[in-house]
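I am attaching a structure below and will ask some questions about it afterwards.
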Amino acid sequence: RDALFDYLCRLGDDSLILGHRLGEWCGHAPAVEVDLSLANMALDLVGQATHFLNAAGALEGKGRDGDALAFRRDVLDFRNCLLVEQPNGDFAQTMARQFYFSTWQHLLFDHLTRSSYAPIADVAAKAVKEVAYHRVLSAEWVVRLGDGTHESRARMIAGLDWMARFVPELFESDGTVAAMAEAGIGVDPAVFRSDYESAIGAVLAEATLDAPPAQRPILGGRRGHHSEHLGHLLCVMQFLPRTYPDATW
Amino acid sequence: RDALFDYLCRLGDDSLILGHRLGEWCGHAPAVEVDLSLANMALDLVGQATHFLNAAGALEGKGRDGDALAFRRDVLDFRNCLLVEQPNGDFAQTMARQFYFSTWQHLLFDHLTRSSYAPIADVAAKAVKEVAYHRVLSAEWVVRLGDGTHESRARMIAGLDWMARFVPELFESDGTVAAMAEAGIGVDPAVFRSDYESAIGAVLAEATLDAPPAQRPILGGRRGHHSEHLGHLLCVMQFLPRTYPDATW
Amino acid sequence: PAKLAAFEARVAADEFIEPKDWMPEAYRRTLTRQISQHAHSEIVGMLPEGNWIGRAPSLRRKAILLAKVQDEAGHGLYLYSAAETLGTSRREMIEALHSGKAKYSTIFNYPTLTWADIGAIGWLVDGAAIMNQVPLQRTSYGPYARAMVRVCKEESFHQRQGYEIMMHLAAGTDDQKRMAQDALNRWWWPSLMMFGPPDADSPNTAQSMRWRIKRDTNDDLRQKFVDITVPQAEAIGLTVPDRDLAWNDAKGGYDFGAVDWEEFYAVVRGEGPVAKERMKARRDAWEQNAWVREAAAAHAEKRARKAEAA
Amino acid sequence: PAKLAAFEARVAADEFIEPKDWMPEAYRRTLTRQISQHAHSEIVGMLPEGNWIGRAPSLRRKAILLAKVQDEAGHGLYLYSAAETLGTSRREMIEALHSGKAKYSTIFNYPTLTWADIGAIGWLVDGAAIMNQVPLQRTSYGPYARAMVRVCKEESFHQRQGYEIMMHLAAGTDDQKRMAQDALNRWWWPSLMMFGPPDADSPNTAQSMRWRIKRDTNDDLRQKFVDITVPQAEAIGLTVPDRDLAWNDAKGGYDFGAVDWEEFYAVVRGEGPVAKERMKARRDAWEQNAWVREAAAAHAEKRARKAEAA
């Protein structure tokens, strides 16, 4: 039960934090079409977060709902992976982050549609289609930028390289993951790691890019040990509920 | 008494918010010497804010101290001028903001050393020396950058131009200012406006720069109608006291 | 002149003019200006709302706001496309915006200070926009009219959501009530300005109405807006910041105070409170991301060449 | 060789070597590396603390933290100056840092996650630094020794302030206690690593000690740090995250667990958790502000020319 709560928070926090980051682009994207698609992805992700965090709150049974979990936990209690909390950087960095993450999330949700735990299976069934689109969209941008101009190629390489050290965390296994896989609720991402790597490799090949050199993995997000960026994000995201604790909106 | 509270908040908030902005440079300045002097100015300003806001809280007599005023008011209750809340931009913008503000604050504090209200006179007596230094330091940078390279000149011109529309607010008079001037507690900045303008003019002349073209004044800070930037600043500044309302630090 | 007469007859008969039809140059020019200005407003209008996406106070409000800005980007797209059918490229329109030649709604030159401003924008700004736009569903230019049908449907949804935010705040804590009233105080007059200058100072209105580019006068729409909005404010216990506001039985509408047209013209000239910030944000988005658009074009060209070669 | 003998005799007699004195190249090189590394640490060390200036929880804490980073900038300045007396310019040293050739303390490659980290840095990191630095007040190179006198005085002040933050948190709410313990958990081992690799793996120690560039071995200093710090943790109810920690009566000190030297060497290689962020921040500060330094130089030159002409 603790493991399931933890697992739901991880799923919800990943979507919540990445949704927040994408929302930061609003009005600042390279073209209106891109503004639209970034807002659209953000919306999908916030929707997923709402479902997962509401489910976590219901399971916990202490009267916390998704809003309470989203807006009233501090950094040590957030369970998202480090990748999603990284700042947007330039558009190539944003797309590198999205490409690494959505490819993983798509494979994950595809497995989770078969979760023995109905709330997860239900959300995954709907979200897997959304995320399939995020995956395609970000992969297309990786190809366009990688095989575009000299400048876009350099930026895409830099973006992929900058984000790469946060990818191994996506495949980290620990007590929570093991317990969830064991129970048929979740999945050990190790089972789709080779699918992931060949999917990433295929897109990079189409983008005429090499895989970034291996780097020492940076871990910790799943245990609340984040990068310095998450705290700043939470300052913004939680401002209103923190400032007006008695209000509803 | 309400006017005096308001006046003390204006004085305190100006210093507090500008101190916060300068602190954002920490570790990112053009040279170690500059890092040192920016931190030094920030420290002076936070010290002034502490005195003014503590005095405001004491006067109000509702149990609020400087910390309560700094960390528990939302944007509509902040009384700082718009100039100090503007983002740092590049170093030229930061120095333009500092030059406009410190020149004004120095003239103001010089008058306030003769305030009939002891808490103000006392703080001003100490702070006027600090601010004299801020004024000189920022003026020197205006000269260096204005009469430096082609690039620094263009940036300095842009910085002075960007910040100029917030200068008229420094000389705005309203009920609070009038009441404070009347009571000999404060001063109507109109009395030193020509001093201000010739001081600014002299530095610009030394920097071989023209005065920026006149712009429509942007007003509102003294009534809590700020730019969009202050809310974001407060998210960060107030995060801990808002998140842990029962804690002391 | 024969063409002109035929054109004017078709317009008078409420027929749609389509892109390939002949049209007077002034009609084309006026429409291009009006549609592109409308498109720019959608895009610039994302900025004041985008300012609060990260700070939306609940997951539901965040989702609603994201959906709203997404709609606005969509509206921008239809409208740019409609304007392009008149022969001006999107790039030209955007460059005209960035150079200051083209305008966007004055309302977006005001800052969003509190969450209540998001409510006020939905309620008042989208409300005023709908008032302007509903008649345009029957405007004489086909692509514009069709774009307006979609836009209006979504805008009225946004307007209701905005009003719902205000209603919630007005029924909330003292702090929330204060935010709501303060937002109304700040957005009321700029909203009235959205209908444009008084008819007496609006020399092009007659021509535009004859061409059915416009179907009501500025003052008529403004009056209608006041008449609809004042009772909405009262219903949730907010006070419209106008001491001259009074019901006038004779005209069956409200009398209201004088709009500060000096302020309006200053904002039109680009001197609004956050005009510099808005234009800088748009220019930066365009210029600093130019490399993305260039890459997309270069890649598309490579693809096309490969397809040809194969 | 006569010079060398004379030099070594002076060092052995605890005399100060001064910039104009003859010294072996290896001495100059080692010292330049050590002093510049120390200077870089002061400057990079401003970043993890700067991360919390804006979020300091009270006006008093904000002022203390600002004063601290100001001191650190000051230390950086003395130390760069001391290193410059050995013939390497500050620009060269900074470029060596940015290219990855020069190092800085591994400890600053860890992120500051909560306010307790500011306490932990003061308490543990400045505590460890002092332990390293106090003996350096008697180091053989005069300018370095004199810089260290000032630095140590301020560092011990910082250490007390850091401990006071931790004490306050440890006596605070449950959330605060948790923050404090979590910070100790994360910073403890990296602090032990600050003394460098075990003596057995530190081949230069003997030479450096003979030259009095170093006055104690890494392991001795580490032991001293543990012995002083463990009771401080206990005094405020925090638990040192080391299950092997035990008082050893025979040696009159604590036994403690094995340091993860693989982690240490990875961080030395530039693979620490926020190493990329730290280096990017420093490079950006340097490169993006190059125009400021160029302008200052250009202006100074203009001034000098004018003074000459007059």
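The first chain written gets the first letter, and so on, giving A, B, C and D; residue counts start at 1 in each chain.
Assume a contact is a pair of C-beta atoms (placed from the backbone, for glycine too) under 8 Å apart; a residue touches a chain by one contact, two chains touch by 3 or more.
Keep in mind that what you see is a predicted model, and the values were worked out from it rather than measured.
**Student:** Starting at chain C, figure out the least number of steps needed to reach chain D through touching chains.
**Tutor:** 2
**Student:** Write down the chain pair with more C-beta contact pairs when A-D is set against B-D.
**Tutor:** When the contacts at A-D and B-D are counted, B-D has more.
**Student:** Greatest Cα-centroid separation from chain D: which chain?
**Tutor:** Measuring from the centre of chain D, the most distant chain centre belongs to C.
**Student:** I'd like to verify one number: the distance from the centre of chain A to the centre of chain C, where each centre is the average of its C-alpha atoms, in whole angstrom.
**Tutor:** Using C-alpha averages as centres, the distance is 34 Å.
**Student:** Would you give the residues of chain A that are in contact with at least 2 other chains, written as numbers and ranges?
**Tutor:** 74, 231, 235-236, 239
**Student:** Counting only residues that touch at least two other chains, what does the list for chain D look like?
**Tutor:** 55, 175
**Student:** Edges wherever two chains touch, nodes for the chains themselves; is that graph a line, a ring, a star, complete, or other here?
**Tutor:** Per interface graph, the chains form some other shape.
**Student:** Among all the chains shown, which pairs meet the touch rule set out at the top?
**Tutor:** Touching chain pairs, listed by label, come out as A-B, A-C, A-D, B-C, B-D.
**Student:** Where on chain B does chain D make contact in their complex?
**Tutor:** Checking each residue of chain B against chain D gives 16, 19-20, 23-24, 26-36, 39-40, 42-43, 46-47, 49-50, 53, 66-67, 70-71, 91, 143-145, 147-149, 151-153, 155, 236-237, 239-241, 244, 246-249.
**Student:** Under the stated contact criterion, what part of chain A meets chain D in this complex?
**Tutor:** 74-76, 162, 165, 215-216, 218, 220, 225-228, 231, 235
**Student:** Which residues of chain B touch chain A in the complex?
**Tutor:** Touching chain A from chain B are residues 74, 231-232, 234-236, 238-239, 242-243, 245.
**Student:** Would you pull the chain C residues touching chain A in the complex into a rising list?
**Tutor:** Chain C residues touching chain A: 43-44, 46-47, 49-50, 53-63, 66-67, 69-70, 73-74, 76-77, 80, 115, 165, 168-169, 172-173, 175-176, 281-282, 284-285, 289-296, 298-299, 302.
**Student:** Could you pull out which chain C residues touch chain B in their complex?
**Tutor:** Going by the criterion above, the answer is residues 48, 51, 55, 111-114, 175, 178-179, 182, 186, 266, 271, 273-274, 276-277.
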